[in-house]
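Shared between the two complexes below is chain A, which has chain B as its partner in the first and chain C in the second.
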Partner chain A sequence: MRGSTLRLAIAVATLALFLGPIVLDQFWLRVFTSIFIFAALAEGWNIIAGLTGYPAFGNVVFFGIGAYTTGILMIKAGAPHAAAALGGGVVAAAVAVVIGFPILRLKGHYFAIATLGVNELIRAIVTNWTGFTGGGMGLTLPIMAAGVRGIYLYFYYAALAVLMASVVATLLIVRSRLGFGLRSLRDDEDGARVIGVPTTLLKTVAWATSAFFTALAGGVYAAWMTFIEPANVFDMLLAVKFIVMALLGGLGTVFGPVVGAFVLELLSELVWSQFLTIHLAALGLIIMVVVIFIPRGFAEFIAARRLSLGLFLENVRQNRV
Partner chain B sequence: MEIIAATAINGILLGGLYACVGMGFALTWGILNVVNLAHGVMVILGAYVTFALYKGLGVDPLLTIPVSMAVLFAFGYGLQRGVINLIVRAPVFMTLILTFGLEMLIINALLFGASADFRAAPPSYAAAVIRLGPFIVPVLRLTIFAVALLLTTLLFLFMYRTRRGNAILATGQDKEAAELVGVDIARTYAMSFGIASAFAGAAGSLIASLYAFSPVLGGPYTLKAFLVTVVGGLGSMAGPIVGGLVLGLAETGGSLAFGETWVEVVSYGLLVLILIVRPEGILGKKYFAEVRN
Partner chain C sequence: MTVDRLEVMDVTRAFGGVTAVNGVSFQADPGEVLGIIGPNGAGKTTLLNIISGLIRPSRGEVRFGGTVISRFAPHKIARLGIARAFQIAKPFSGMTVRENVMVGALYGRGSSEKRLADASQRASEVLAFVGLAQIAERRVRDVSIGDRKRLEFAKALATNPKVMLLDEVMAGLPPAEVDTAVALVRRLADRGIAVVLIEHVMRAVMSVSDRILVLHHGLAIAEGKPADVVRDPRVIEAYLGQRFAAMGVRPEGAGGA
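Showing the complex of A and B:
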């Protein structure tokens, strides 16, 4: 797609999403809110995994931290939802900075596993800290006093705002010095360090940004659902879902993860939510197909300007023994 | 004092079982450089093989180990040939995602075929104990510990004393060099994955005799395998044994010190701590996987 066509397509899509609620009924408002949340998560993960090259497998930990901070601020401090969600974003970014310095030194599997370990550790702590977090019984958030349609609209626009903010942030990063630095360390970290790129600082900033948006999405989710528990906001299944969305659209591109989220979540809501007993298997199968045949996602077809069996087979040939 | 000694004995006995859970996982990671997130659910698969024989034919669960190992070996060999092999040279992260997808698929199949009910296959002597001086030791746990050690010794002998084992070790150390001296890499990978799966099957049989299990426990057992491998370190057969013992002692000790519910916090805290302080693990060797930048 040429630059001008792309810009026009994005402008039309954005306008359509803003005006959408005029024609959408409650069912569709709910579906789109869920899509926006997943798209923001995929875009947030893209900042650390795609732009920086650090596949933070356990990034869902920031979703959980955002959800719980939002819940606790609303219940214990009576904070309004928007302020509480922002607080969640700030807390998550701070956590990313603190654990980022030791963990971002690790490479490959070790980094991925360390983030998984952090997620399990924080889930276990939240589960046990009953006095503060409600523990395994979960946390019930206040229901907004705005009428049914009002609540649906509020969360539609809140999720859309988080998504837009994450896309704009990604665009700004890609075009800034930070983006150049991240790309250089992604492609050759030693080389980047030698020419004076402050790699540790940049990686940590990228992870904190990723954590911030992941937590904002968690904050919207928590208040939307009005009930959270450790098992569902620190759920690795959720992490794998937004990771596959990012892969499907094209990791490291600005709009790919968003497109991946729209495609996969629409499919998920419309097609196999009808078949609950094989839901897990269907998602598992999609994951395997994406990883084996299209690891670079839709972006690859656009770059190659073709869609052929040969492209799939080439991917397989590259990675097999 | 006595309670501490009893806890230590329990921790060590449990450690043998954990070593068995982690052994196959460490093998796949060390040789293929694949972190198999479906390892835990393959352990559960082995437990179901044992349960089926126990329930159907009344076989003692520990006697079913050869069967569960054979079934899982075939399963793992085929899986490597048909699926894992397709992405074995992809960026490491892709193998994580792929095996997670695989785990979901197997769990769903098990939920479908065997339901989410918890099962168990306790042998007749499940409650028997023997006295060793002042200590009371459960016979079943002691037997499981002995079986785990025996299997580990057999694997050790296979790896160091047979040509095929040597080929596997050589492939793990330097794939290209092994290929140059005539090792068939694809077959060696499938063999390694098959053996690793057989160990998952054996661990599953042991677990079935001691605990209740269900398909959804796949994830938690994968995490235990992680801990065993990371703590012990890659690159030596003794790594998973050390890792298993540390995890066993940490779990029983943590339970005694902080209470049952904090065990998870202690074990995952240990995982994160080791990754920060000494990511190559207690016995890990440098060249097995790049650890740091």
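Showing the complex of A and C:
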């Protein structure tokens, strides 16, 4: 699948998603809204982890920041949802810049662990600042006056818009000077620096962009759920899910994380949701299978143009410790 | 003073108790090839790391065109026109050969090529110059070690540098390729680039260098024209020393150090 075929497939898929609500009932609108939010999270994570090579496990912190900023702006300032969500994106990007300055100097595991620390830190602040955030009691957001179907449609298109924006941004980054700089520092940071790539600046820009889209998704989620609490918007399990989606589809590719989110979330909705107890076990199993057999995700099949047992075994051999 | 002169002034760098570079000074002018030789552990790579900003000197300073650059970030130094090729090639393995070189063109001196199309054009020129044009679209992981060395060189050259710091770019190359590399270095100098060359392949470094600096235990023990340096008793001792003398190794062995 290359060039024109890919473009056609994307155009058809986009059109289908835009026209989808004509035929979708409320159950499916809800499922797709959830998929779009997860796909945007996976794509947002891809910008820092895939394109830049910095596995920010704690990226879910920006989801929480986006959700809380949106909630607070809507409740305390009476801001319309779209403006409040954008505000959340801006706040999250600013936080990424401020904490990125010290922790983007770390590499690999150390960076990943530091981002977990950031998530716990912000979660603790939100939990204890009861007067401003509602603390452990959570925050109830205003319900939109648009009728049931209207509300479903609004969040479907809001989530789709965030997803589209994140994909377009990734596409633009990959095809720009910035994208070349990010990919070069991902492969060899010193090698990039000595030929003029300002790595600290580019990493910070990448993380702020990642934070922005992650927070937008959080802003849509918060208003959609109408209730948020620290335990569910700063939830590491959420991070695990969008990380697995990105890995499943293909980290560092433009469309891989989106495809991964669709596959995993549809499977989860259609199959495992029937069996509540094994739901998490199935997620665990998928993580293991992906890491062992297809560490580069579905994108690898497209690149290799084949799908065979040999490919899986090759991966097992190459990646064993 | 020459506008684009590189000046290393009394540079010292200690790691714990080891003084890797000890009060070294030298200059390199545009169009000149300066060879740096010395036994393993003499401090050659540390010296280049200091010039390219990857580590800071404990004492002394580096100037380029009169500006003190030894506190600048590596990318800033590269953008001023000091490019670096590493001893162990550091290619961007997820990219093609052309894309690797494009990074240099996109982010190099003055960052003149801001558009990808221009950078690609510049990459084509550089790849043709170093003889990698036919493998331009190949992924780096599918490229031979010799070609990776040339790519390392090409990435640096694509930044449109005024000074090139080459760290053993010829090591491990077959003799025919060493000759090609020597010719390339000469052509760079003829274009007005100052080349600082660390090299163990004596035949190459002696034939291409205008001047040679000899480092030993972090000290600059000799500097001069190639023919004079090899006759310097301190250099002979540094290379052969008492250990070799005791083993009965004859002076001809120096060439292979």
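Methods note: the second predicted complex is superposed on the first by the 320 of 321 C-alpha atoms of A that agree within 3 Å, B and C clash if a C-alpha of one lies under 4 Å from a C-alpha of the other, contacts with A are read in each partner's own complex, and residues count from 1 in each chain.
Here, contacts are C-beta pairs under 8 Å (C-beta built on N, C-alpha and C of every residue); 3 or more make two chains touch, one makes a residue touch a chain.
Not measured: the values here are computed from a predicted model.
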Subject >> Joint occupancy of chain A by chain B and chain C, clash or fit >> reply: fit
**OP:** Figure out whether A:V168 sits in contact with chain B (first) or chain C (second), or with both, or with neither.
**Re:** neither
Original post:
So, does A:F180 touch the first partner chain B, the second partner chain C, both, or neither?
Top reply: second
Original post:
If you stack the two complexes on chain A, which partner ends up touching A:L313: first (chain B), second (chain C), both, or neither?
Top reply: neither
Original post:
Is A:A192 in contact with chain B, with chain C, with both, or with neither (first, second, both, neither)?
Top reply: second
Subject >> Angle at the Cα centre of chain A, taken between the Cα centres of chain B and chain C once the superposition is applied, in steps of 10 degrees >> reply: 80
**OP:** Figure out whether A:F57 sits in contact with chain B (first) or chain C (second), or with both, or with neither.
**Re:** first
Original post:
Between chain B and chain C, which makes contact with more of the residues in chain A?
Top reply: B
**OP:** Return first, second, both or neither, reflecting whether A:G252 touches chain B, chain C, both chains, or no partner chain.
**Re:** second
Original post:
How far apart, in Å, are the nearest Cα atoms of chain B and chain C after the overlay?
Top reply: 10
Original post:
Of all the chain A residues, which ones make contact with chain B and with chain C?
Top reply: 190, 199
Original post:
For chain A, which residues are in contact with chain B within the complex?
Top reply: 49, 55, 57, 102-103, 105-110, 112-114, 116-118, 120-121, 124-125, 127-128, 189-190, 199, 236-237, 240, 243-244, 247, 277-281, 283-288, 291-292, 295, 316, 318-321
Subject >> Complex contacts: residues of chain B adjacent to chain A >> reply: 29, 33, 35, 83, 85-94, 96-98, 100-105, 107-109, 111-112, 185-186, 189, 219, 223, 226, 230, 261-262, 264-265, 268-269, 271-272, 275-276, 279, 289-293
Original post:
Taking the complex as given, what residues does chain A use to touch chain C?
Top reply: 175-177, 180-181, 183-184, 186-188, 190-200, 252
Subject >> Residues of chain C defined as touching chain A within the complex >> reply: 52-54, 73-79, 83-84, 86, 90-95, 99-100, 102-104, 106-109, 111, 114-116, 119, 155-156, 158-159
